[in-house]
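One structure follows; several queries about it will come next.
Chain lettering (A, B, C, D and E) follows the sequence in which the chains are written, and residue indices restart at 1 in each chain.
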Amino acid sequence: MIKVDSISKSFGSFKVLDGLSMQVMPREKLALIGPSGSGKTTILRILMTLERIDGGHIQIDGEQLYHMERNGQLLPADERHLARMRQKTGMVFQLFNLFPHKSVIDNVTLAPMLTKGTPRAAAQKRAMELLEMVGMADKAKAMPAQLSGGQKQRVAIARALALQPKIMLFDEVTSALDPELVEEVLNVLWRLCAETDMTMLLVTHEMGFAHDFADRVLFFDRGRIVEEGKPDEIFRNPKQERTQGFLKKIIAAGHRV
Amino acid sequence: MIKVDSISKSFGSFKVLDGLSMQVMPREKLALIGPSGSGKTTILRILMTLERIDGGHIQIDGEQLYHMERNGQLLPADERHLARMRQKTGMVFQLFNLFPHKSVIDNVTLAPMLTKGTPRAAAQKRAMELLEMVGMADKAKAMPAQLSGGQKQRVAIARALALQPKIMLFDEVTSALDPELVEEVLNVLWRLCAETDMTMLLVTHEMGFAHDFADRVLFFDRGRIVEEGKPDEIFRNPKQERTQGFLKKIIAAGHRV
Amino acid sequence: DDSKLEQLKSQGFARLAIANEPPYTAVAADGKVSGAAPDVAREIFKRLGVADVAASISEYGAMIPGLQAGRFDVVTAGLFMKPERCAAVAYSEPVLCDAEAMLVKKGNPKGFKSYEDVAKDTSATIGAPGGGTEEKLALNAGVPRERVIVVPDGQSGLKMVQDGRIDAYSLPVLSINDLMKKAADPNLEVIAPVQGAPVYCDGAAFKKGDETLRDAFDVELAKMKKSGEFAKIIEPYGFSAAAAMSTTRDKLCAAK
Amino acid sequence: MTQWSGYFGLILQGALVTIELTLMGSVLALIMAFLAGMGRLSRFFVLRALATAYIEFFRGTSIFVQLFFAYFVLPLVGFELTPLQAGVLALGLNVGAYAAEVVRGAVQSIGREQHEACIALNLGRWQGMRHVILPQAFLVMLPTFGNNAIELLKATSVVSLISLADLTFQAQVVRAQTGNTMVPFTTILILYFILALLISWGVRSLERRMARGLDGVRV
Amino acid sequence: MDWDWDFVRQILPTLIQGVKITILATLLGSVLAAIVGLGIALARRSPNKALSRTVGWVAEFIRGTPLLVQLYFIFYVLPDIGILLPPLVAGVIGLGLHYGTYTAEVYRAGIDNVPRGQWEAAKACNLSARQTWSHIIIPQAIPPMIPALANYFIAMFKETPLLSAITVLELMNQAKSVANTYYRYLEPITLVGAFFLAISLISVVLLRWLERRYGKIER
């Protein structure tokens, strides 16, 4: 379980998150939506320990993420604590961030071999299973530059899964793709959702997908959660004016809900 | 009127356009749709004389674009001929391509002052009218770096209009924008469509907008026009399998038609 | 103590610094080093029991710091003895003596006979090696700094006279003669010796502190001078053995 | 005139010394470049300060001064170096300081997203550096390293100051012995140029080999 | 060798004479390099293949060979074909030509770094070639070049000691001259090093400022 307790985060003088609290149940599929700049990416990056927080607490599975207890005192986490906590979490980025100098399979096997000491043969076997799952087994030897955006994103998903995280974070994983390629990635997410019991947090502008996929939707605005609820409630009967305005604009711009 | 007569264009050994022909009536609003890499951008760039063609002919208002008649002979056009023909056409790019070292108003006044010798005062007056139209009058003094994507694109539209072209080319003018910002640019296009009698060619992935906006839709695939017709025909009853497949995928990916 | 000599003996060679200036030193087409100064040094070291010498060509300006830094064991490069230098290094007894000369255009158009003549002609320039004897002679004669051009090497000096960049180039007589011989340029002329300039002699220069080695060197040098072998080595190069034998280190180091 | 072949032999000997200096200097420069370049990116202030001091000092003082110090002043404090060692030391340290900035720039040019991908995959700092960042950064460094090596080649010409018989020095010797200026200097200009071409050709083919697959076409 | 402050005081005026010449040579060389570089960059962009190739190879040759040897060539060999230059002029020409080949690369990169979209937007705005250069390309290309150009001028400054080979009495030559007069090397050479270091450190600050001020255009 993830427990975020009134955290705040500023960049310079700009307060991105402002006393944000939220909870995520084990196995829950959560969609984070909201206007640009509202802090959706930031909260994912904080959970992935890519940014530090300025205040507040985060617990994952009952353990503090950014703090550690020593002799009854709560100290800021050191790199070792963070590395240990990080094992629980995987993240897929908007721009894939594949390692361009490594082949598809090497992208997937690198982390298990280095961080868990998995033997090469075992890592490759597992990698092929994952690539199979995302439909990329036949491209195992290809270099990332030879792949389309959708293919890259599927490899990135396999790479994140290779470490067997309990929590997966997806940050607009389809928004850098050509519209025609979006579907193949969403299909992988569907399958993932059905086949595993990972906790999943998903930032997306694909409202239709968010609606069908999520157990619960959080609507962000200016670093706060303005509204949350079951997808049907949020998309059909948003209570807050801000949510209504946002959804109206998105619909006007041609996105299906 | 634009008359494209079996033109072809290759990059290296790759044939992008292959004996393409099409006609555009004066004042017509045309939407060009089709999968990535099918040559939509290329045809616009050819009409804007940003690429040369390898074979075929193009006429605009009865005059050859890439050829000129001298003593009854058809010769390749020289730079002067191209410059004269270019006056008829304006183009708005996906990535705006504003001049970053010039303020908003200077971006709009630069071309009229330099190419038509419009006096500064007159050019500025006209520019303010255009900026008013695209809703950017209050940012006239701002630099491009201070604008959001949607604002940049609106300035780019005003800049292209400043030369009073008869034909306007729009290449995915909203696809680099955050979803929430798309609407403001589409609104400007709506207004433009209603208020002027320019010929407009629009490449877009916003199927809903293409449907409502266009008089006629051309579906491109691999450098050819596979299907064309009224928006309702194309979107509701596509005849070609290729078109059907394309639209299905786009819809599955969450875009409204 | 004899430790320095013992050390040279055991390593089998002594390191010489020489200049890139015939006939004091010469490098044959095969790279072999000869010339008056290294030949004398080679012979004496052989007699001292040091089998060979390893000569390396050095800029004038780098010789004394190189000696002080222990880069070379001895400098045999036509470094003329002068009181300041005697203070910086330990000289042997005189080896090669030479008067000063000037290289000028044919007919000596400015009529130089001495460094003072150069000083008097306010448009005249004279070239000399940087930090060399000639530079100092010219400066002492009253030629202002900006008219004494520091020339890196003999060929450059010759070329600058030919091209009219300097009015005179000054080096020891034999060096100038060697340059003239190689250039074979009928438009040049040598003024030798320069009036008022003393005859200078060089010695093998040792590091301060290596006086024992120097003294051993002197003993062999004196023997060779007496036996006539000394003259046999240096006279083919044009140097006068009599000149070297007519003076002493103490005299030269005390001069002026 | 008959001796010319012998003097050309002398110049070729000089070329060997020049090549030797260039190679050994490049190796030292490469080592220093990585040490100091990574030092500047270190989390530890002391390492950063040391690296910065090294870089600014060796870029700031002229190579002439450094050479002179290595050769004439270091022995005074007890470091006796052969001319070759002094030459390699001065050239390597000097060019290494410039190349260190190349290393730093290249590592920083690898986008933040690659670092973040490493963190998200739980790679340690050094693991990420070693397996992900440096292999990509090295490709960015290569062309500039090639230029640095050519700079080093050219800088070897100043070692004649410390009596190293390199190309330029031998040309001076030949000039003094033959009285001819044109021939030796033209010869060594051509030799230097050939060496420079060899370096850039070598670097370019290495770059091509390493870049294989990185900007491949979609298949 | 002990440090002698009295000696320092004694030689300082002479060294300052040298500093003046060093600075003069750098300034004149910079101006020439800026002009020569522009010439080379434009010639290499010329549609005339013969011109662009020839200039390309000549520039490549100058860049691949040591400045020291080039200076010898200009000063001692050119008179043979009737070109007799005063030392400082020859030195400035050598510096200007040599560094001109570097600045040419800076100009080229500066121009290439203006995104293609800017050329296309200019065309879509129907600007002529001249208008495109003067209103769109040059104003965007120049500012990012300024730090790189300044960098080369600092490098040039540190190479002025080479001019001593052609009898220019710049700082290094003055220092060697006083060193040879008094047989004390530590002080003059250290002072030269200190002087170069001081100028370099100051110019690093200046460079950082230039980079902040002109380094990038916000898009």
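Just so we're on the same page, a contact is a pair of C-beta atoms (placed from the backbone, for glycine too) under 8 Å apart; a residue touches a chain by one contact, two chains touch by 3 or more.
Everything numeric in this text was worked out from a predicted model, so none of it was measured.
Peer 1: Starting at chain A, how many touching-chain steps does it take at least to reach chain E?
Peer 2: Contact-graph shortest path, chain A to chain E, evaluates to 2.
Peer 1: Provide the labels of all chains in contact with chain B and in contact with chain C.
Peer 2: E
Peer 1: Along the shortest chain of touching chains, how many steps lie between chain A and chain D?
Peer 2: Minimum number of steps from chain A to chain D: 1.
Peer 1: Based on mean C-alpha positions, I'd like to know which chain lies farthest from chain E.
Peer 2: That would be chain A.
Peer 1: Higher C-beta contact count, C-E or D-E?
Peer 2: D-E
Peer 1: Rounded to the nearest whole Å, what is the centre-to-centre distance of chain C and chain D, using the mean of the C-alpha atoms as each centre?
Peer 2: Chain C and chain D have C-alpha centres separated by 38 Å.
Peer 1: How big is the gap, in whole Å, between where the Cα atoms of chain B centre and where those of chain E centre?
Peer 2: Measuring from centre to centre gives 47 Å for this pair.
Peer 1: So how far apart, in whole Å, are chain B and chain D when each is placed at the average of its C-alpha atoms?
Peer 2: 52
Peer 1: Would you give the residues of chain B that are in contact with at least 2 other chains, written as numbers and ranges?
Peer 2: In chain B, no residue touches at least two other chains, as defined above.
Peer 1: Residue numbers in chain E touching 2 or more other chains?
Peer 2: 1, 76, 185
Peer 1: Among the residues of chain C, pick out those that touch two or more other chains and give their numbers.
Peer 2: Each of 65, 68, 155, 159 in chain C touches at least two other chains.
Peer 1: By the document's touch rule, what are all the touching chain pairs in this structure?
Peer 2: A-B, A-D, B-E, C-D, C-E, D-E
Peer 1: Using the touch definition up top, name the residues of chain D that touch chain C in the complex.
Peer 2: 3, 5-7, 9-10, 13, 71-73, 75-76, 80, 83, 160-163, 165, 169, 172-173, 175-179, 181
Peer 1: In their shared complex, at which residues does chain E touch chain B?
Peer 2: Residues 115, 117-118, 120-121, 123-129, 131, 135-136, 139-140, 217-219.
Peer 1: Okay, in this complex, where on chain A does chain D touch?
Peer 2: It is residues 45, 48-50, 79, 83, 86-87, 89-91, 93, 95, 97-101, 103, 110-111, 114-115, 142-143, 145-148, 159-160, 163 of chain A that touch chain D.
Peer 1: If you look only at chain C, which of its residues touch chain D in the complex?
Peer 2: Counting only chain C, the residues touching chain D are 17, 20-22, 26-31, 56-59, 62, 65-66, 68-71, 153-155, 158-159, 179, 182-183.
Peer 1: Which bits of chain D are touching chain E when the two form their complex?
Peer 2: Touching chain E: residues 56-57, 59-66, 68-69, 72-73, 76, 150, 153-158, 168, 171, 181-182, 185-186, 188-189, 192-193, 195-197, 200 of chain D.
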